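In what follows, structures are represented as structure tokens.
Both of the next two complexes hold chain A, though its partner changes from chain B to chain C.
For the complex of A and B:
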């Protein structure tokens, strides 16, 4: 593979962005169907090239080395751009472009008739390009550039329907919260460059990823330095991957179009944080403190988000919380050193979670709402969507032999096998999350597809019109009601079902085929684990502990069973299981939104901090300068009174002055 | 002669506008635009002609015996520091002229003053004789005063006077500084105002303590930049100035402060600059955070952008504070970043003010709560506004990122904690920029704006020019940084003990 072919993976979607934004939108109108085809063609091309890249990396048994190119040189600062094509990159490329392709095809149906059709595809191609750029980057600064561009395109996509205040708000929230984490990433880069002197002595460049590996391997950086570096990078990852305590932006981000969530909140943007930790893994590995921080953060996130998924009524939010929880899984895996297992879970999760989001979108197409309280019985009108959602749910729950089972089990086994206290703690957290995962996703499944239809958005609109209920219509629901006289409860068009089916196949087989315990035709046993290992490490078969696998299966089935009893068979009333204070806590999202938005941002920062400072600026700093100005003006007024224009006064002053001079002269 | 032509063409144009063109508004506008275009081309030629491999001062126009009795020369020249700023002035001058299409009274005077302003700023960036520098520096005040007080809005006379008094007070300090340097050179045996010679002389032993002379210049430039606590003239002047004047004020006039700091304070007094480095960094961080926090509270679009300028110009001072702070970390990165930030803030804030002007022309309000829902009515304007906002918050692929990351990379080794604090300014920028866009462009359609259309082709000229500049520098910063670094690299050796 040539380097230019690898760059083309980045430039194809970028070209689609420019074509959509600069030519199609201005000249062919905001709804030109060409935009969709151009984007699909470009991303399809990028996908094929990514497959080629993967094949090349596999057959070459590792990294393809291309020299980087100079971007900016000032003094000792040498910022370079280039491609780091190693197994991690190759796998990520296939995931990103593959899921993106499926989502773009799905969007042709989903976004059909939207006034911003071309704009949508422009943003989608920009997002794909940014994500590809992040994955390809060979220098930390280049990564940061695309990292921020990923943030930008997610801002644009979440706020796509910017006439909805909630969407515009959610977009800002996503950008600012993730940027809070990005400060850590930024400072880590500054801190790396701070050590440029030590790097230069060895002929290395502190901003090049490969050179960072070398330096860490050679112990060029002290252990404290490595810990701080890792914490900085991890802060960035916490923001992007929506880990506790910066997870708050992701649920709100569901304001964007659903295919957007399937792409950026399942497979790509949120996975970027996990990718960053994996990319910088040697730095993390060199610091026990950093590894423990990653593991514990991941474990807490996995459980915390799962509890919120249990009580959410919005199907998309259930899936969103589930994403946070699963990302926590990947983080905790990285934290206990299970690099391969974490990336394997990222790989599988991308498919089944994108499928679940697309399924939620398909359901919304029929019901006009994401509110599961007004759904039910949809399996009869949407048999395909139902079947595929079921596949996704089983895979997420980790039921043998679907994809999710394999990677979840690997993570649990590795965590248990690691043996340290922290690892044992996160092992228990992960087990708890496994049970909850199965429960909440099947709760969503039963509420949505089983039972009887509860009227969809029309019913919700009636409820909202009734002052006795607390129901309020979201902006999208109101628009849906306004746009359609009768709802279209039926199966979604083929352009939506086919991409879902493709992801459905992957959600079943990706785990088993990619990392089978025994050799398959053409694929070696434990292929994924042997292929993807941390820089400086080596591939080995994953740990397998039979009783752990059995236990996690059992927990998953128990979760499904309980969900069936409560929401499927309805033989247990949900109220019986509800612990009221806990319920309130999860529904109010542990009061974190209130803490962050109302108290810290609204009160402490805006009212007290900025407010007082503005008062100070206006009433003191400015006032002082105005007073000085006023003083000199009144001084000028006094002096100007001397200029009366009367010759007698001047004559008097002249004589007086001459007298003073004479007196001084005489008295000397 | 290229530099002389670049500096004096707008002045000649101003004379033609006043004396020869008559009172036809259309003719005056078109002529001014033609002058702006030609001067932009000349400025571009200056930038391209500057040979970055040779370095040093080039394109010199010198008339040594201008006022020989006082050793005052007519001396224009550019180095790596000033060449990009000349280009910036040409670019923003053109943008300002194109943002003046809707001026509806006293056209001739208006364009004459605007062109004079451009000539004065060009002069400041190219003059290499202290007296000539000071003349241009003062010349800029006159058009500004009239432009704000006649064509402005709100408390325009008050704001114009405030601007004048602040800058004038600063200039008074600078004049004392210039004279102190001059008479000190006389004491050394060679009286000179020649700035290219002064940077090569040892000015540590002056008639006045060199710390005091440094402070005299610093006050003048700090007012211009502006730095907390001498910044309060800026929001007033911006808010009440007409659009084009805000563009020039934010785009190039503030840059005179940063330019002066590098050209005079850092280059001529490296020892004092080293000793003061930490104090400068503290001032910079205060300006960055203070400016950003005050910005959050603004409800007038123009006042908001003006306050954000205080924060962003703090990065210039931060970059300047990096040089010579510690002996082992003497590096051109921070200072080059500061120079980059001068250019970047010029085009970015220029574009922001152009867009605020466009919104105001259409809606007749700058009060943010009254706006909202504009994106649907004027998509092009919304895109331009968004690009400017993103560049302002330092998004990669825009000039804002290129400049700020260099400031950070260069300053972190010298002032670790302070630089860390300064990065919070970038986070706050994201907050106030996006929040502002959310409230003014996005949100539900408002019936009162239903009659609005997107901006006209003439109104698109300035935004397109500035967006191209923002993206070009953002995508390939070496375009500028190579030239700036040429200038900075001549300053650096003065710091080695």
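For the complex of A and C:
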């Protein structure tokens, strides 16, 4: 594989973006169907190239080395761009372009007839290109550029229906909240930059990822420095991957079109954070404190998000919280050093989570709403969607032998195997999350597809007047889509079902085939774990602990069973299980939104911070400038007495002056 | 016998009257008329000086210098005519814009 072929993976989607934005939209109109085909072709090409790259990396047993190119040289600063094609990159490339391809095909049906059809595809190609660029980047600064581009394109897509205030708000929220994390990333980069001296003494470049590995491995940086560096990178990952406490933006990101959510949740935006931690894994590994921070943050996020998913009424929100929870899983896996297991989960999660989102979008096509309280019985109307959603749900719940089981079990086993106190704690948190995951996703499944139809969007509209109904933001989207929609109350078009089916197949087999416990024809046993190992480490078979696997299976089945009893068979009333204060706590999202928006933004920022500054501005800055201005003004007042504005007065002064001069001349 | 002094006194009187008028009248037209007086005071002085102080011998030899003052006065008259035309145009514009021809009202530069 040549370097230019690798660059083409980035430039194909980028070209689609430019083509859509600069040629198709202005010249062929905002609804030209060409945009979809161009984007699909470009991303399809990128997908094929990614498969090729993966094959090359596999057959080469590791990194393909290409020297990076100088981009900017200023004094001692040498910013380079290049491609880092190691196993992690290769796997991520396949995930990103593969899921993106499925989503683009699905969007042809889902976005059909939208006024911003071409704009949608332009943004989608930019989104894919940014993520690919991030994955390929060989220098930290190059990563940061694409990292921010991912943020930008997610902003554009979440606020895609920008004429709706809620969408615009959600877009700004996503942008600002992730920006808080990005600050950490930026600080980490600056930190590297200021420690350049230590690097260049060894002939290394502080901004090159590979050189950072070498430097950390050789102990060029002190342990405190490494810890702070890791925490900086992790802050960026917390924002992008929606980890506690910066997870608040992700549920609101449901405001964008559903395929966008699928892309954000499965392959791009949120995977970027996990990818960053994986990319910088040697830095994290060098610091126990940073690793523990990652593990505990991941564990807390996994449980917290799962509890919120249980009480959500909006099917997209359930899946969104599920994403946060699963990302927590990946983080905690990274935190306990289970690098391969974390990336394996990211790999599997991409497929079943994209499937679940596309399923939610398909359901919306039939019911016209995302509110599960007004769905029910849809399995008769949408047999395909039902079957595929079921596959996704089973995979997410971690039921043997679907994809989710393998990676989730690997994470649990590694966490248990690690043995430290922190690892044990996150192991317990992960078990609790596993149970809740099975419960909430099957609650969603039973509410949506089983029972009797509860009226869809029409009932929802009737209920809107009822103050008891919690109106979810994404419900607006459903109504918006329903207004454009011609496929009501039936199966979705093939362009939507086929990509879901493709993802469904992957959601079943990706776990087993990619990391089988024994050799399959053409694939070695534990292929994924052997292939993907941290830089400087070596591939090893994953830990397998039979009772841990059995326990997680049992918990998953218990969760499904409970969900069946409560929402399927309806033999237990949900109210019986409800602990009122806990319920309120989760519905109010642990009051974190209120804390951030009312207290931090409203009180601390506006009242105290801004208030203090206003006081200073008013009492000091204004006062000083007023005093200076007042002095000049009173001085000017004296002089301005002469300036009557009447020419005659000036003439008189002139004549008077001339007389004085004459008098002086005569009397001299 | 009327001599140069008489002319210069007349010129001085005219100049003073003009100056007084130009500095004290509020009506812009009156100010313009006063300025005309100033011009003509100067004209009188210039012509008188030309007539009385040009040496006769020099005048006989170099005729072109003989009429310098008078020609100069003619120039002043033409320039003054142009000045009056311009001045009256300004007064008309001023009246249209402010509704007044009083120079005291034309004080918008003051603020």
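A few notes on this one:
In this text, the second predicted complex is superposed on the first by the 603 of 668 C-alpha atoms of A that agree within 3 Å, B and C clash if a C-alpha of one lies under 4 Å from a C-alpha of the other, contacts with A are read in each partner's own complex, and residues count from 1 in each chain.
Methods note: a residue touches a chain if its C-beta (ideal position, glycine included) is under 8 Å from a C-beta of that chain, and two chains touch if they have at least 3 such contacts.
Given the structure is predicted, the values throughout are model-derived calculations rather than measurements.
Applying the stated contact rule after C-alpha superposition, one finds that A:72 touches chain B and leaves chain C untouched.
Shared-chain residue A:647: touches chain C; no touch with chain B.
Set side by side, chain B and chain C differ in how many residues of chain A they touch, and the one touching more is B. When the two complexes are overlaid on their common chain A, residue A:600 makes contact with neither chain B nor chain C. Contacts of A:572 after superposition on the shared chain: neither chain B nor chain C is touched.
In the superposition on chain A, A:58 contacts neither chain B nor chain C. Contacts of A:22 after superposition on the shared chain: neither chain B nor chain C is touched. Touching chain A in their complex are the following residues of chain C: 19, 22-25, 31, 103-104, 106-110.
Here chain B touches chain A in the complex through residues 161-162, 165-166, 228-233, 290, 293-294, 296-297, 328, 331-333, 336, 373, 375-376, 390, 395-397, 401-402, 405-406, 408-410, 412-413, 416, 419-420, 423-424, 426-427, 430-431, 434-435, 438, 441-445, 476-478, 481, 485, 489, going by the rule given at the top.
Contact residues of chain A toward chain C in the complex are 643-648, 651-652, 655.
Put simply, chain A touches chain B in their complex at residues 70-77, 141, 144-146, 148-149, 152, 155, 159, 162-165, 168-169, 171-172, 175-176, 179-180, 183, 186-187, 189-191, 193-194, 197, 605-606, 609-611, 613-614, 617, 621-622, 625-626, 629, 632.
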